[in-house]
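Shared between the two complexes below is subunit A, which has subunit B as its partner in the first and subunit C in the second.
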Partner chain A sequence: MSDLPQQLINGLWQGAALALFAMGYTLVFGVLDIINLAQGATYMWGAFFAFLCVTKLNWPIWYAIPAAMVGAGFLAVLLDRLAFKPLRSLTSGGLVLWAGFIVFLLGAVGNLSQDIKWVTIVSGALIMLGGFVLDYRSGKPLRTREVPHLAPIISSIGATFILVSLAISQFGAQVSRFPPNLFPVKPYNVTAEAVISPIQVLVLGLSLGLMIILSFLINRTQMGRAIRAIAWSERTSRLLGINVDYVIAQTFFISGALAGAAGVLLGLAFNRLEPNMGGEVELAGLTVIIVGGMGSIGGAAIAAFLVGMIRVLSVAYIDSSFRDAFVFGLLILVLLLRPSGIFGRSKTVRA
Partner chain B sequence: MLVVRDLCSSYGAIAALKGVSFEVPRGSVVALVGANGAGKSTTLNSISGLLKPDGGSVRFDDREIAGWRADKITALGLAQVPEGRQVLGGLTVEENLLLGAYTRRDSEIGKDLDDIYLRFPILKNRRKQIADLLSGGEQQMLVLGRALMSRPKLLMLDEPSLGLAPLIVQEVFRIISELKERTTILLVEQNARKALQIANYAYVLEGGRVAQEGPAEELQGDPKIVEAYLGRKT
Partner chain C sequence: MKTRSFLFLTILMVLFGAYPVFDSSVANAAQTNTLSGEIPIGAVWSLTGDAAVYGPSQKNASELAAEQINKSGMLGAAKIKLITEDDRSTKEGAITAFDKLIKEYKVVAILGPTLSNSAKAADPIAQAAKVPVLAVSNTAGGIVEMGDFIFRDSLPEMLVQPNTIKQTKNKFGYKKVAILYGNDDVFTKGGYDAFKKALDDQGIKILATETFNKKDSDFSAQLTKIKGLKPDAIIVSALAEEAASIMSQARQLGIPASVPIIGGNGFNSPKLAQLAGPAAEGAITGAAWLITNDTPGNKAFVEAYHKKYGANPDQFAAQAYAGVYILADAIKTAGSSNPVAIRDAMAKIKNLDTVLGKFSFDSRREPVHAPVVQIIKNGQFVLFK
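Let's turn to the complex of A and B:
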């Protein structure tokens, strides 16, 4: 047990990154009452966006991280428009968006010659842009509807499937790695035996910073109040002049950016990127938001550290194959003893 | 300021409004009275954009707004205080008030907030409290204050006295009569007696149609109205 301080440090920084992922997850749930299972795929794409910036564009990592967050944020907005919004209300713009997406996909993964490939991708993107604009401006949906609760879940599983396939087609199924020497490797001594590497300091620091920014955004700004207002009552929010679709898009952007940040940071820390990396964090993230109380941002943050610790400690002192078993054990325990989560009360977003 | 012509609305196959026409001149208080189910709330919801009307015209400040999205209509300066209060229960009193100013971009929001606190001292004492914890009367004050925070040109109040104790009802009507100095009001009430005391002009809705209209004093003296709506002393 003499390496306990070291394990606690590992649990801390891994828990912090997990918290980013889970806070975005729970934010969307609090507002829309849907579990966005594609959050894991957004996380994975966040990591690959940074990878592209560093390897293809030769950007320094300090630009690649925010760029990846923005990319993942927009990806989440796009996901909302393709997979969730049509379930809430169908508009002509939404249909155009879908058509553009299919053209885009054809270009991205189809077996086309180089020139045609780019023409297809770009025209797909343009059609999608047109769909966005049309969708934004439309006052009247073609149809608004009540869909069964399962629909968004199936829809987001489908989206995950597409996003993972897309990543495999671009990067292959094997592990990709960032170029070495992005960070100094010499670790800092925390105690005589426990060390923390510069990248781990970055993960911890950036995660805590983003958590503070998120808490400020949600609690202290008009945008945050609008997000919580919609979580409470969409109808009343409309009467107050809140453009509900726009604020939902903002919510997805924040959620996606947080997932993207978690993806880059953990991708960097383990230097291991693969198209399936979202599946693993998905399970941990789901546990975190249930333990933290669905929709509770503060609860998710605290539960993330708990789950992070459990994961690290069970690997260190028991066996790595038991890691997920312990996470599941916590999940089941909480579901049995306190189904609303340790910090949960109701379905609203709190911080 | 507001001109409604032949407004029709329905819930699925059920027609709730069958051609409602009325006007709210600038600076006036117009009452919309009628029995439960007459279509009063449906009228307000069709104007504010919560409900898409099937037909007819709604002109606000010489702009045709029928079928617009609710948030765009609110941004024009038309504020609806919906039936049943509808505070944002999970947010604090102050956050509710600040969201009232959501459509505004000017720098006087803080000053207006102080004004509201002066007018409703209870809200000031409870500004950090969750709105759900307020009593019915306090919640009514909160939604009135919240609507005022948008600096509305036209305020539409849907049954502001519903379900409140008599003393609070008096307080609410006192506040409304103060507000009429500052803004134009469309007042929906089942409590026709009180509504007619405050209003300049009134319309009586029946089964989704305007059954009668006239200056408020005239309706107060009309035997038919007295029998149907003012019979019971409250």
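Let's turn to the complex of A and C:
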């Protein structure tokens, strides 16, 4: 048991990164009642945005992290407009956006000559921008519809496929790595035996910082009040004059930025980026938000640390083959004893 | 749609079953015992797909060898014609390639395929058609066991690792080690089995056996546990990707460089040093071939390869290069391009000079030559002394 302090550190910083991912996940659920399964793909793209900034633009990592968060945030907003908004209310702008997106995809992955490729990509992006503005300005949707609960889940799975395939076409299926020496590797000694590396300190610090900022945003600002109002009732919020679409876009932006931050940080810590990296964290993240109570941000944060600890300690003291079995064991236990999650409450007081 | 694909499958199965037997008997009767003209040899490499890091250097080296053999007049008036097929790193691709080579091109022997997995699917086709196969990169168990027409020149880990353990034990004098291996992959599990046997045979104590799964990125829990046990050395059986992460995280967790990390065949790739950077320094692994070997013709091979392709050959290239020479030698001894005669001549090869060293086949058609132990110094593999 002499290695316990080190194992606790291992669990702690991984829990922190998982918390970032899961808070965004649960925020979108709290507001819109949809599980955005494309969160894992956003996480992956966040890591690759930073990778592009560092390798192609030669930015220092300090600029690359916020840039990746902003990039992933906008990606999540775009995802909402493409995959979720048309299910809530379809506008003519939404159709233009989709047309632009298809042109963009053709340019990005189609087998075209270099010049035509760029013309297609740029014109696709411009049409998308136009569609975005049209969609935002259109007061009256073509039709509002009641879709089954499963529809957004299916469309987010579809979005995941598109995003992962795009990443494979751009970066290849193999593992990409950040250049070495981005970060000092010399670990700090916490106790005589236990060490923590600078990147792990950064993960912990940034996660805790973002958690505090998020809880301030939700609880103390006008935007947070609007988000909570929509979570309570979208219809009432509209009647009260809240710009619902705008607030939903903000929610997606925050959620995407958090996923992007988690992607960069874990990508940096393990120095391993691949198009399928979202899959694993997504399962862990889903466990976290169910254990924490769907829609409860504080619950997600605490459950993330719990899951991180269980993952590490089960490997350390039981058997590494059973790591995921223990995590899902916890999930089943919570579902049996407290189906709404440890910190879950009824819908009216959520978020 | 369903009935059509079923029909197609049936036709395919009929072809598989009946055609080769009929075909080879006719072909054998037609071939005479003199060597002349072009002798078609098939080569199946993974040029695209997951294993595309290995295939191209095999293709380059085999083409270089064929070119040299034809220029030297080793086979008299006859020339080797190498027909290369890509199996796309899949079993299906390998089966299609074998089928095409045997039926369409009537090859007298086949080199490859790159992956053991594909070999297990495709080799039985050649066995049934009585065309010899020389595997040049399959290291898993159960390859030559598929039939008496299947050979390999790539040393399996069971033969490499005892030597690795012996040499490193003599140098470091370690008595207790910890093992870390991937338990959901045939290749890394096979490496673990080989190490376990070698360690047991040589009386080295195993403090702990830790496992991980393919695509894991976090090894800190296992490594922390290993660090706490204070082993004299750490044995790792992992693919290059995971091996790189393990090396980096071990050093990050403060496992000192005085504890050597000894790896299986997965370490045997220049990628390891590229991926893990300075953390890969001092990684040790057994190998069948090393660029600085002073085996017969090795220096000339490395120079010719570098001149032609502008890069240094790796172990996969050397084994493919040696493979073509082994086949050529068998054809020369047989004095015939009859596949059965070539098989019989190949089975008798003893102490042939190749870039891998003095090369023989044992009675099970497994390769016999001395393995080497290598260590990463300044990002390069050098001979471990």
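What we mean here is this: the second predicted complex is superposed on the first by the 347 of 351 C-alpha atoms of A that agree within 3 Å, B and C clash if a C-alpha of one lies under 4 Å from a C-alpha of the other, contacts with A are read in each partner's own complex, and residues count from 1 in each chain.
Rule of thumb we're sticking to: contacts are C-beta pairs under 8 Å (C-beta built on N, C-alpha and C of every residue); 3 or more make two chains touch, one makes a residue touch a chain.
The structure displayed is predicted, hence computed values, not measured ones.
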{"item": "Partner chain in contact with A:Val312 - subunit B first, subunit C second, else both or neither", "value": "second"}
{"item": "Which superposed partner A:Val175 touches (first subunit B, second subunit C, both, neither)", "value": "second"}
{"item": "Touching partner for A:Ser320 - first (subunit B), second (subunit C), both, neither", "value": "second"}
{"item": "First, second, both or neither for A:Leu239, with subunit B first and subunit C second", "value": "first"}
{"item": "First, second, both or neither for A:Leu202, with subunit B first and subunit C second", "value": "neither"}
{"item": "Subunit A residues touched - subunit C or subunit B, whichever exceeds", "value": "C"}
{"item": "Contacts of A:Ala226 with subunit B and subunit C, given as first, second, both or neither", "value": "first"}
{"item": "Common interface residues of subunit A - those touching subunit B in one complex and subunit C in the other", "value": "none"}
{"item": "Sites on subunit A touched by subunit B in the complex", "value": "139-140, 222, 225-226, 228-229, 231-233, 235-244, 346, 348-350"}
{"item": "Of all residues in subunit A, those that touch subunit C in their complex", "value": "2-3, 6-7, 10, 14, 173, 175, 177, 180-181, 185, 187, 193, 195, 197, 266, 270-272, 276-277, 280, 311-313, 315-316, 319-321"}
{"item": "Sites on subunit B touched by subunit A in the complex", "value": "48-50, 52, 67-72, 74-75, 79-80, 82, 86, 88-91, 95, 98-100, 102-103, 146, 150"}
{"item": "Contact footprint of subunit A on subunit C as seen in their complex", "value": "50, 183, 210-213, 215, 217-218, 220-222, 224-225, 227-228, 241, 245, 248, 251-254, 275, 277-279"}
